[in-house]
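The data blocks that follow each hold one structure.
What follows is a pair of complexes built around chain A, which joins chain B in one and chain C in the other.
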Partner chain A sequence: MSAAPVMTVSASGPGRQAPALEADGLRVCYSGLPAVDGVSLRVEPGQVVALIGETSSGKSSLALAVARLLPGSAVVTGRVEIAGTDLTELPAREARRRRASLVGYIAQDAMAALNPVIPVGRQVAELFRVHRGMRRADADARAVRELARVRIDRPERVARAYPHQLSGGMRQRVMIAMAMALSPPLLIADEPTTALDVSTQAEILALVGELQAETGSGILWITHDMGVVAELADMVAVMYAGRIVERAPARDVFDQPQHPYTKGLLRTRRDLRAGRPGERLYQIEGSPPALAANRLGCAFAPRCPRRTEVCDERAPELRTQAQHLQAGNALPDASPARQYAAAASPQGSAPAAGPAPDARQPESAEASQPGTQWLAACHHPEVSS
Partner chain B sequence: MARTLIRRVAFGVIAVLGVAVLAFLLEFVVPGDPARAIAPRAQSAAVLENIRIQLHLNRPLVVQFADYFGELFRGNLGTSYVQRQSVTSLIMPRLATTGWLALAGVVAEVIIGGALGILSTLYARVRAVVAAVNLTLLSLPQFVVGLVLLLIFGFRLHLAPVTGGAGAAEIVLPALTLGLVGAPWYAQIVADQMADSLASAYVRTAVAKGLSDRYILWRHVLRNVLSPAITMIGMDLGAYLSGVVTVEVVFGWPGIGLLAVDSLQNLDRPVVMGTVIVGAVAVVAFNLIADVLRMYVDPRTREEPA
Partner chain C sequence: MTAPAPDIQPKVQTGRRDAAPVVGFESVSKYYRGLAALDQVTLSLSRGSALGLVGESGSGKSTCVRLALGLERPTSGRVTFRGADYPRGRRRLRRLRSQVGFVLQDPYDSLDPRMRLREIVSEPLRAHRLRDRDTDRRVTEMLRAVGLGDAPLDSYPARYSGGGRQRIAIARALMTDPAVLICDEPTSSLDVSVQAQIVNLLLDAKHSRDLSLLFVSHDLDLIGRVADTLVVMYRGRVMESGPAGLVRGRPRHPYTKSLHDAVPADHPARRGLAGPARLLAESGQSAAGSASAPVAGPVLPMSVGAAVLAGSTELTGSTALTEPAGPAGHGGPDCCVFAGRCPAARARCYAERPPTVTEADGRSHACFFPLAG
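Now for the complex of A and B:
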């Protein structure tokens, strides 16, 4: 799980598969206000990308937008390709037909996400009846095999059970079985272990790891649990107020976080683990901003320990590590990273950048270089916690 | 589940007994002399006294009470004061007649209410119309709806008989009356449950699984609406069987409600008691049946309460 998939990705040549997920300039607006504000993200096959951030940072909106599961009231723009297919571009019928084969969705609360009045085996079998045209008996038998695949003991018995008769861990296994039933190239897990006790959490994490080794799916794992990140993730994307503020291999995020927000998150966790009794836990002051239509400057600035005037004028920019280390505070306007940053935060929220529309092209080319380390930049990269 | 059932039956028996005792005592509070009701023109006190002695009305209340409930436990509802035949033989055919009307009425309610509820949930454009219809029907009493239907379809359009009776043609208007008046409740329950269900995480899961809207509606959403609807159907069947008095009077439907009204006017105490007890049994029985059905529809209700 750890570094191996990244190596595979870097080693693969030009003929490699399409990424499990490629999002570019993804925006999700509710009544005109952006919950997800120009996010670019990539999950390679076999990779686990952890998406971390506080409640209301836009993680779940992002995940649902990828699977085209948001209600009609949400306006989604930008490009999202799952294994080369953009679900949001397809007509509704076509999207519905192909969705489950492209992306499996594992919800946080399996109790609520399973229909209470239908035996769980039937709920798995539905997929095979609808998408594979199987007859009921065949589909039921197949569902039992799928339950066995997620290491459920006595799957025949469990298949006949209703959700409320199963333990939390079992229910989450059923959810995983449903999500993986049609072997989609991408799995989206929306905090699937949050509601579980610690030992069940570990089992589920191990299970997902094993299954992924079998199938080679890419996983977008939404969480705010840094422990889960350390356990599972290859890459980490940190989300704050609808934007990705830092993105890097998991180890790098732990070893040398760049963005003050990431540093704050990690410090909270360090205090939790190593803090002495009675000592006050570190906490990031303030709370995340409300959705804003037009945001100038850095969304994190009001809570940032190193805020200066420039933070209120300019949104921070994503850059590669090498450039980041060289460039310091400001980048020359024409640099590719600058253009990337502009593409990642459209609609003039990075006013200084002013990108031409075709500026996306060189950016995408660079972004698609395997193994590129995308890091956050803020105007204060030297901030230390 | 068996334990739950036994307990429910026991509570049901207690409830029916309680109703019977209350009804028995109430009959003596109601002013009036049954003997006079039986022989309104009798002049001599001796004749009236004779009647009272025949009917044991001269005995103390406690003795009458013991007599009545002694017979009741043997399954004997007594004999009508007025008709001189057993209460059971009077009530049973009436119960069947009312049973048909109750069934037809509930079917009408479920169809009309269910349609209104589903329409207003699925089509935002008709929501306001349905709400207005619901409110109108809710504020109309049964006898108004019944009389309006009778006026339009009976007297104006001559589509329905107006003379009363219990045939297939006669059942349409009273059943429709029950259906219209009861429909808003079903519409509300269906709409609420559907809205909850449609917003639920399990419907999102179903969408994520790529199931079609129609499939999700029938297999995932409506199954979750069934459970509360069944409870209400049970309550309605019980309530209607215990007498849909207004509707039976308006349409001249010779059911148990009409019998109850007649016997109350005649101070025919055994028949009044009979209709009350049969009604109580119907209410208890249908609630129980509904609960059992609900266990089949909603597995969460199957578990024994701790």
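Now for the complex of A and C:
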């Protein structure tokens, strides 16, 4: 489970497949407020990209925009391709016809996602009838096989059950069977284990890892749980207030988070495990911001321990961190912050040397190995020691 | 039932009352339609300490909370508050409840969206007829204590985020200066970056107000930080209990171990060492592996995979509760309820109910074949 995805990540030779997901400058606005604010993201085949985010970070809007499942009131701009196909450019009927073959969607609340008055086997079979033109008997038989594929015992019996007769873990398995039934190149999992017990969560994580090794789908796994990330992810994308603030291979992020928010999330979790009973926990101050138009500075600044004036003045761009690390090594730890503090006047005019305060500028062109770069959007990223 | 009504004056403690647990369960069973939601549960929350209830859905945690709040009565056994039974009379029960604060899981559900902050936080005073001219000042003070010092008293909860709402709920719970605070998954619906703030607030309140905490969670890491004593429940029974550090660090019961192992890794380099990947490898369900049946021998340290996979892929329904074999009060089936999921289970586990064994280090467990710990 852990070895296979690493190999696919490095498979960037001449015969490369189209990425499972390629989003570029994606924006989603509700009533003029940006929920997703210029996100570029790539999921390679066989890769698990964990999208980490909290309330109003825009992670669910991003996922729904990719699958073209947002209501008409949401304004989506930018480019999204799933295995080379842009769903957003197709006519609605065509998009609906092709969606299930391109992207599987596993929702958090399987009870709400499944139809309560139809046996689950029928619901799986429907996919094959509608999209593969199978006859009812064939589709029903196929559905039982699909249920067996997600390691459901006695699938014939479960196929006849209604959603409410199944446990939460079983319902989530059915959801996974449906999402993977047509072998889509991309799977989106929107916090599928959040409502489950830990042992059921462990089963689901193991199952998804196994199935992915079989099918080679790319997976965009949305979560706020760093433990889930540690178990599954090859790449990590951390989202905050509609933007990606850090994107890097999972191991690197856990070893050396560059963005203070990522660092805080990791420290919260480590501290939880390491501390003694009754001891206060490490806490990040404040709470995630609500949607806002024309936010000037870095959205995390109000909660950030490394905040300086420049953070309030312009939003940091997503930049490659390799250069930062090299530059940072030559400097004492706190000096970038001091430089910024000295350069900016108390009333907050922008430092003259800085680049133009264009918040929408996307990250620099990606190097030869797309999807494995280390990017962070912070004026004062962590300096490696 | 002949015991006197509990003293509701927390500041005047007699020696005897001090010694009695603030909340005590003595062999408590609770049946719903003949099915045992709680089966001979004994636990004790001593003054100023924190008792953690941990378990999966259907373990009986929430039933414990309802009994401790006095919302329901046990089918058999005793639930006590400072050594005395919960009173039967409505008025006396209400007086007792002013001593029991509670914080529930979902701050979006537990605050009335049509009430202003002033009304929400002072509601316990109104309910317990403790309102006076100073109510506004007391509400403001309490809001300051929970970190909402600048919150306007006439604002509505919609204005606040999940963390803010949970602070409001805590302020409300502390308004009557209770002796016990019952927290039912107080952080599980909050953003991760906010959870620690709320837990710290509860820990601070515990210390500064001499509160006892009854803390319910399914998160073993979290509850291990908050609670002094842990009680691990499964299908209405106590599997293991004792000092938090011991139960969490060196579990004796295979179920506790399985909960522990199911917690995800803390670093990608250690993935699969304890939890998910091992589950499949050991369960024989791996697509790459053979189709051999899970091994149910006395393997120690135990393999969790078979257990977890075998147990929870069952259809739910009445089996979610333990089915009593005998008349009410005699508990569930005469076996270990975890046996079906336990890889270390032997014939005896299916034939007899394991008794609760208390050890020298203060731990107790209900298992015929405990782990070395």
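Some points to look at:
The criterion applied here is as follows: the second predicted complex is superposed on the first by the 328 of 385 C-alpha atoms of A that agree within 3 Å, B and C clash if a C-alpha of one lies under 4 Å from a C-alpha of the other, contacts with A are read in each partner's own complex, and residues count from 1 in each chain.
Convention: a residue touches a chain if its C-beta (ideal position, glycine included) is under 8 Å from a C-beta of that chain, and two chains touch if they have at least 3 such contacts.
Keep in mind that this is a model prediction, so the values were computed, not measured.
In the superposition on chain A, contact of A:A112 is made with chain B only, not with chain C.
If you count the residues of chain A touched by chain B and by chain C, you find the higher number for C. Applying the stated contact rule after C-alpha superposition, one finds that A:E210 touches chain C and leaves chain B untouched. With both structures placed on the common chain, the touch criterion links A:R98 to chain B but leaves chain C unconnected.
Contacts of A:E231 after superposition: chain C is touched, whereas chain B is not reached.
In the superposition on chain A, A:A67 makes contact with chain B only, while chain C stays out of contact range.
Residue contacts after overlaying the shared chain place A:Y30 against neither chain B nor chain C.
By the document's definition of touching, of the two partners only chain C reaches A:I152; chain B does not.
Under the contact criterion defined above, the residues of chain A that touch both chain B in one complex and chain C in the other are 165.
Against chain A, the residues of chain B that register as touching in their complex are 200-202, 204-212, 215, 219-220, 223-224, 227, 297-300. Listing the residues of chain A that touch chain B in their complex gives 67, 69, 96-101, 103-105, 107, 109, 112-118, 126-127, 130-131, 162, 164-165, 175, 178-179. Across the interface of their complex, chain C is touched by residues 1-2, 54-55, 151-153, 157-158, 161, 165-170, 197-203, 205-207, 209-210, 213-214, 224-233, 250-251, 254-255, 261, 264-265, 268-273, 275-285, 287-288, 290, 303 of chain A.
Listing the residues of chain C that touch chain A in their complex gives 50, 56-57, 161-164, 191-197, 199-200, 203-204, 218-222, 224-228, 244-245, 258-259, 261-272, 275-277, 279-280, 285-287, 304, 308-309, 312-317.
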